[in-house]
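You will see chain A twice below: alongside chain B first, and alongside chain C after that.
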Partner chain A sequence: MADDLVNVQIDGTWHQFPKGTRMIEACRQAGVEVPHYCYHPKLSSPGNCRMCLVEMGMPPRPKPGEELARDEDGRLPIQWMPRPVIACANTVSENLGIRTESALTKSCREGVMELLLINHPLDCPICDQAGECRLQEFSVEHGTGGSRFREDKVKKPKNVDIGPRVRLDDERCIMCSRCIRFTAEVADDPVLGFTERGSHTTLAVHPGRRLENNYSLNTVDICPVGALTSTDFRFQMRVWFLKETESICTGCGRGCNTEVSSREGSILRQTPRENNEVNSTWMCDQGRLDFHYVNSEARLTQPLLKGSEGHRAVSWEIAVKTLADKLAGFESSKIAIIASARLTNEDLYLVRRLAQQLGVKELDVIARFGEDDGYLVAADRNPNSRGAVLVLGLDSDPGSRISGIRRDIESGKIAALLAIGEDLTSPEGGFSPALLSQLEFLGQIHHTANATADAAVVVLPGATSFEKSGSMVNVTGRLQRLAPVVPLPGEAREDWLILRDLLQALDGGNGAGSSDEVFTLLAHEVSAFEGRTLASISPLGEVLIETGETVPLLEREKGRIAKGEIVG
Partner chain B sequence: MSLSVPADIEKEIDERITHYPVSRRSAVLPVLHILQRHFRFLSEDAVSWTAAKLGLEPIQVLEVVTFYPGFRQEAPGKVHIRVCRTLSCAMAGSYELLDNLCQAVGIDASHMGHHHPFAVSEDGRFSIEFVECLASCGSAPVCLVEDELHERVSPETAPDLLARYS
Partner chain C sequence: MALVVRRPQLKWWEKIYLPVIAKGLVITMRHFIRTLTGRTKVTMQYPEEKWNDQLPEHYRGAPALVTDEQDRERCVACQLCEFICPPRAITIIPEEIPSEDKWAKVEKRPLAFNIDMIRCIYCGLCEEVCPEQAIFLRKDYAITGESRAEMVHDKARLYEVGGRRVGLVNKWNDLK
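Up next is the complex of A and B:
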C-alpha cells in the first residue's frame, strides 16, 4: 500500500484515504454525509457554521515503556475525544476515528440547528429557497423540531437591492460567508461583507457599491438558505415543480456545463453543473440568463414563402421543395451557404453534405468575437467554432470568406444564398438589407424572426440550442452534448431534420432518422470523430482535439488546490 | 466628499502601515484609531479614505468599524462620557448614574439604542454612551470621560463630575 494512504475508521468501518484529506471529504467518499453550510470545496474553509461537528478519536498516548495492543487487523485502539471537531477543516491521519452518528454528534447538530434558527424568520411558505434549502433539510434531519427561544428575534434588512440580479434577505442569512468568500476569492470583486457583530451580524454591500459583476448569480447558487435569491427567477416557480435537464451553455466557446430547469415547456432558470475540465462549479450571469429568447413572441413557428403580398405560411413539404428547387436552379458557382458556429456538429455535417450535393464552394460561418474576461467567458462568442472548422472542413479561419461572399453578391457573381442559423444583418454578419435585396434568391433557416428572414423567399423555422439534441466542440477542444430541454414551438423543427429533408428533396436518397444517426455518419467521414457515437459522449464531455487553450479560472483553482487553500 | 487628512496625521498613518508588511489589511484597526482620535468619529468618507489608503474595498473597512463598539460613526459631543453598564457597575448603581448624567446635561436617553449607541446634548458639549465592561469591576460604578477613568462614581456625584469638564 502506498505510504501516503492512512487508515481511518468512519462509523465503525475502516477505510483508506490519502493523507491530508479533509475529514468531511473522507466521509463523503465513504458514503457518509456530514451536514454543513459554510464549507464549499471550491472556497476557503473558515469553519464558522459548526454544522459539520463530529466526534473524533485517536490512539491513546502510551505510558512510557507501554506498547499499545493492536487488533488482528493491526489497528490501534481509538480513544474518543470528549469534544467534537469540525470535519471541514481537519484532515485525516493514521488510525483516526470519526463518529457521525454518535450521541455527541447528534446533540451537536441539534444544538447548532437550534442556534441557527433563533433569529431565522421561519418564512419557508413565502421563501423562494424552500425545497432546495439546506436549513430546511437539515432542520428536518438534524433539528429538534422546537425552539426554547422566547425572546424577540433580531430585525434585519429585508428585500435589499444589493445588485441588479441578486436580492438579499438578511434575516434569512445564517452567516456562512460563502458569498463573501466567492466574491473575494473567485470573482475578485470583494463587495460583500459582514457588518455589526454577534446576533446583529448583517451581510451587506458598502453604500454606493453593488454586487454587479458578471458572476454575481453564483452567490445565489452557493447560498445554502434563502438569503440571496435571483431577481430573475424568484417567485417564478416552486423548485419541486421544475424538470432538470443536463446540457451546456451556448453563450460562448467555453461551453459551461449546465442544468436547465423547465416547467410545462418553459425554461425558468439555468444553473451551472460541476465540470472541473470546463467551468468548475461556476458560470457567468450573461450566459445563465440567456434563455428568455426561447419564449420570445418573435419565434418563427411556421414555414413561410414570400409571394407578391409578403410572407405566407405554407406546409413543410411545399417550403422544403420550393427551397430545393430554387437552389437546384442555380449554377453551383452562383450559390453561397452561410451557416452558423452556433449550430451543432450534426447540423453542420448536414450543411456540409448539402454543400457537396449542390457543389457549393462558397461555404462559411459568421465569426463572433469579444473579449476573454480572464474567468470563463471566452473570446470566441460562438459555441461551436471548433466543430464548424472540423465538420465543414474549413481550410481557413471561420468567417474569413464572408467578406468575399459580400463582394461577390455585390458584383453579381453570387445570386443565391442560404443562411442557416444566422441573421446576416446582425453586427457580426455585416450584410445590409440592401445587399441582400441584390440576390436573386435568399433562403433562411432560423429560430427567430429577423431582417434576413424578412428578405428571404423561403423561411424555415428552426430550433434554439435549448430544443435540440446534438454535440458541440468548445474552445479547449472538448466534445460536449446538448440536450433538448423544451419542445419546439408550433411547427418549428430541429435544424438537422430540416437539412435532412432538404437533402432528400435534392437527391431523393434516404436520410438519417435521428441526430444520433447523423453523428454516426459524421464519425465515419470526419476523422476526429472516428469511433464515437452521440450517446457515448459522457455527461461531462470528452477531449476531442488538443487546442492548447486553458481556462484562466480553472488554472487559478488548480493553484489554490496545490497550496491546500481549497479542496477543489 | 473626500476626507481632508492633515499632513502630520497622514504621515503618522503611513508610518503605522509599515508595521504590517505582510498584509496591509491588518493595518485597518490602527489606521481607524488614528483617524477617530483626530476626527472624533469615523464618517463614511473616513471609511472610503481608509479603504483607498490600504487598497481594500470599503466594505472590508466598514466591517471593522461596525464590529467594534469603540468606533463611532456619528459625531460625539466635546466631552464623550462612557458609563459602564455591566454587572458590577449595574449593581453599584450605574443605571441611576446614567440617568443622573443625562438629566444634568439635558440628554433624552430614550434615543439611545442599538444603532445609536450614544446621545449628544443639545449644546453639543457632552455625549453619553452606556457601554459594556470597562474592566474596573472592583471600583464600581465607573465611567470613562474621554480617556480618563473615574472610579466609584456614585449617582449623586454626577453633577460634580460634569463640573470638572465644564
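Up next is the complex of A and C:
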C-alpha cells in the first residue's frame, strides 16, 4: 500500500496521503480547515462556490537532460502556480504543495465573501440559520467586514412554499446547489433546479412538482445558509439556546443516529448524526419529526387506579403494590404479558425476569411492519425487534403469539393481561375494547393516554424513548445507545424502574440501581451481550450480531465512493 | 508590630468643649432659620413629587418595547436580549407573522415578550445588543406590584410603557 501514498506539503509541513485524496480532505486530515460551501463529502463536487480556492504548487518541469535538485529529505522544489485552484475537486499528487494561509489564498477568500454578500440580505435577526450559518462564520473568519457595493440588492422570491416541510427564501440562497444535488443524487427526486441564470439566478422547484419526498428535510441540514428552513422548526427557537443530546431515532428498525435539540425540557428538533454504518448523514422526515408526542397534553403523569368512578391518581407505592398483588392472585397459566419492541433491552430484560417470576409462558411483543423504502426506512417499524428476540428469548417470530393470546382471552383461558409500552387497541395490536373488557384484570405501563389505558385497572406512567437511557439493537444487528434528552413529566418514571419495583414487590427484587446495572445483569444472562456494559457502547454503536442485512442507501453510496464520484 | 496611635493634643479651651458646642448651636440655628423662611428646601414630597425632571440624560430605568413611525412593532424576536440578559429576566416566545398580516414580509415577531422586573438589574445590555432598535431603557424607576405575577411585564405592558419611537434605522423600507 505504501506505493499508493504521495507526499504533500500543506502550509510548509509534509504529510502523506493516499493517491486520489481530494485536496480539501487532505487539508482536513492535516488539521487545516479550508472554508467551503458547495462541497459535501456525500455529494458530487461541482466546484461552484469558489470558497475553497487555495494556492497550489508542483515541481517545475525539467529541461531535457536536466536533473532537479532534491533537498536532504529527497523532496523536489515546489514551483507555486500564479492562479489558485479549488481544493474540493482537485486531488493530491506526489510532491504537491498547498498553501491555505498565503496572501493569494486570503485575498481569494475575501473576494469570494464580498461577492457572496453583495446580494445576501442582512436579516440575521430573523433568519433561523443565524448561529449555525456558514456565511456568518466565514464572513467573520475570512471576510473584510465591509462592502463596497452601493447598488440595490437583487430582489428574489421570499418565503416560498416549495414543499410541506421545507420553506425557501431565494434572497438568502448563495447558489451552492447542495440541495439540488441531494435531491438528484441521494433522494432520486430531482425537483429542484436553478432558473433565471445570471445575476438573478433563482433556486426553484420544478413547475407542478413539490419537494415532498420523505427525505426533504435533509436539504435544510445541508443548506449552508438560511435559504431552506424547516417549517416545523421555523421560528421556534434560536439555535444557540439549544442543548444537543446524541441519541438514536426509534421510528423504525434502522436506528438512525440523531442529535436531539431541546431547551428547558422540551424537544425542538431532531437532526441526523453521521454514522457511515447506519444512516450516512441522512435521515427520513417521518422519523425526524416524530417527537411532538413527547410534549403532548395526553401524557400520563400519575399512576392511576380504576375505581367505581373511573380512574383516580394514587401513589406509586399503592399502584405498584396493587399491580403486584393482582398479578400474583392469578394462576400463572391465566396471565399473559405483551411487551413492546419499542422498549430498550434493559426494559425487556426486566420483562423477562417478571415473566420468569410469575411463571408466565404467554409472552410476546407487537410486530409492526411496513414497506422498506429502498433508502433508510426499514420494513420493520419496531426499533428493537432484534433486541426483543434476543433478550426475551422468543422461540418464534416476534408477534406470532399475539393471535393466540387474543383467542385465549375470548375463550377465557387468559384472565389477566399486562401490556407494557403498547396500546393494544392500535391497528398493529388488533385488540378491540370489547375483547379487553372480557379480561378480569388488565394492567398497562405506557407514556401516553390511550384506549388500553381506559380499560386498564392499573395504569403506570412510563417514559418515551426521549426520556430514558438504555440500548437497542437495529435491523442490521447493531447495538446502539439511547440517551435521555428531556426530564420526565410529572411523576412518570423510566420503564426499567417501574419493572424493577414491580419485581421487588413480587419478592423477586434484583437490586439494580440504574439502567447500566440492568444491562450488566442482562450481559451475564444473555450470551450475545456477554462482556459488554452500557457505558462502553460506542457513540456510533457496535456490531452485536451478524444479520446479513444491508442498508440500500449505504450500498449506493459505497458504489459512488468506489467510482470516485463522492468522497464519502 | 504594634501600631502607635497618636492622640490629638487638645488645648484647654478644646478640653472644656463649650466653644465647640456654641459653634454647633449657631450652625443649627442658621439652618433652622433658613428652613423656616423657606430659603432651603430639604424634603421632596415623594411620591407626589417625582425625580423625573432631575434625572440625568443617561439614567437607566425600566426597559420597554417601542413601535416605529408606522406603528409596526420593531422587535423581530431575535432573542439576543434574552441571551445577553445577565439575570435572565427576559423570556421571548417567537412566532411567524401570518401571511394576511400587513407586516407579513417581516416574517417574525414575538408572540410573548416577558421581562421579570424583580430580576431586571437595569444594566441596559438589552438596549445595547438589540439589532432592530426595539428595546429601550426608559426613565421609569418606580416599578411596583402587589404580586410576583404583576411584576412580570408582558408584551402589552412593555409597548404601553415604550410607545412609538421615530427617526431610527428602518431596514424594512423599500430600499433596504
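What we mean here is this: the second predicted complex is superposed on the first by the 564 of 568 C-alpha atoms of A that agree within 3 Å, B and C clash if a C-alpha of one lies under 4 Å from a C-alpha of the other, contacts with A are read in each partner's own complex, and residues count from 1 in each chain.
Operating definition for what follows: a residue touches a chain if its C-beta (ideal position, glycine included) is under 8 Å from a C-beta of that chain, and two chains touch if they have at least 3 such contacts.
Small disclaimer: the values here were computed from a predicted structure and weren't measured.
Aligned on chain A, chain B and chain C: do they clash or fit?
fit
So, does A:240 touch the first partner chain B, the second partner chain C, both, or neither?
A:240 sits against chain C, while chain B stays out of touch.
For A:122, decide between first (touching chain B), second (touching chain C), both and neither.
Second partner only.
Name the contact category of A:434: first (chain B only), second (chain C only), both, or neither.
So A:434 meets neither chain B nor chain C here.
Touching A:535 in the superposition: chain B (first), chain C (second), both, neither?
neither
One more residue to check, A:69. First (chain B), second (chain C), both or neither?
Touch status of A:69: no partner.
So in the superposed three-chain picture, is A:153 touching just chain B, just chain C, both, or none of them (first/second/both/neither)?
Only chain C; A:153 stays clear of chain B.
In the combined three-chain superposition, what is the angle centred on chain A between chain B and chain C, taking C-alpha centres, to the nearest 10 degrees?
90
In the overlaid three-chain picture, which partner chain does A:103 touch, first (chain B) or second (chain C), both, or neither?
neither
Once superposed, minimum distance in angstrom between C-alpha atoms of chain B and those of chain C?
For chain B and chain C in the superposition, the minimum C-alpha gap reads 19 Å.
Which residues would you name on chain A as touching chain B in one complex and chain C in the other?
none
Could you list, by residue number, the parts of chain C that touch chain A in their complex?
Residues 76-80, 82-83, 94-96, 105-108, 131-132, 171, 175-176 of chain C touch chain A in their complex.
Quick one: which bits of chain B touch chain A in the complex? Just the residue numbers, please.
It is residues 44, 47, 56-60, 62-63, 66-68, 114 of chain B that touch chain A.
Which residues of chain A touch chain B in the complex?
190-197, 200, 204-209
Would you mind writing out the residues of chain A in touch with chain C in their complex?
121-122, 124-126, 130, 152-153, 158-159, 234-238, 240-241
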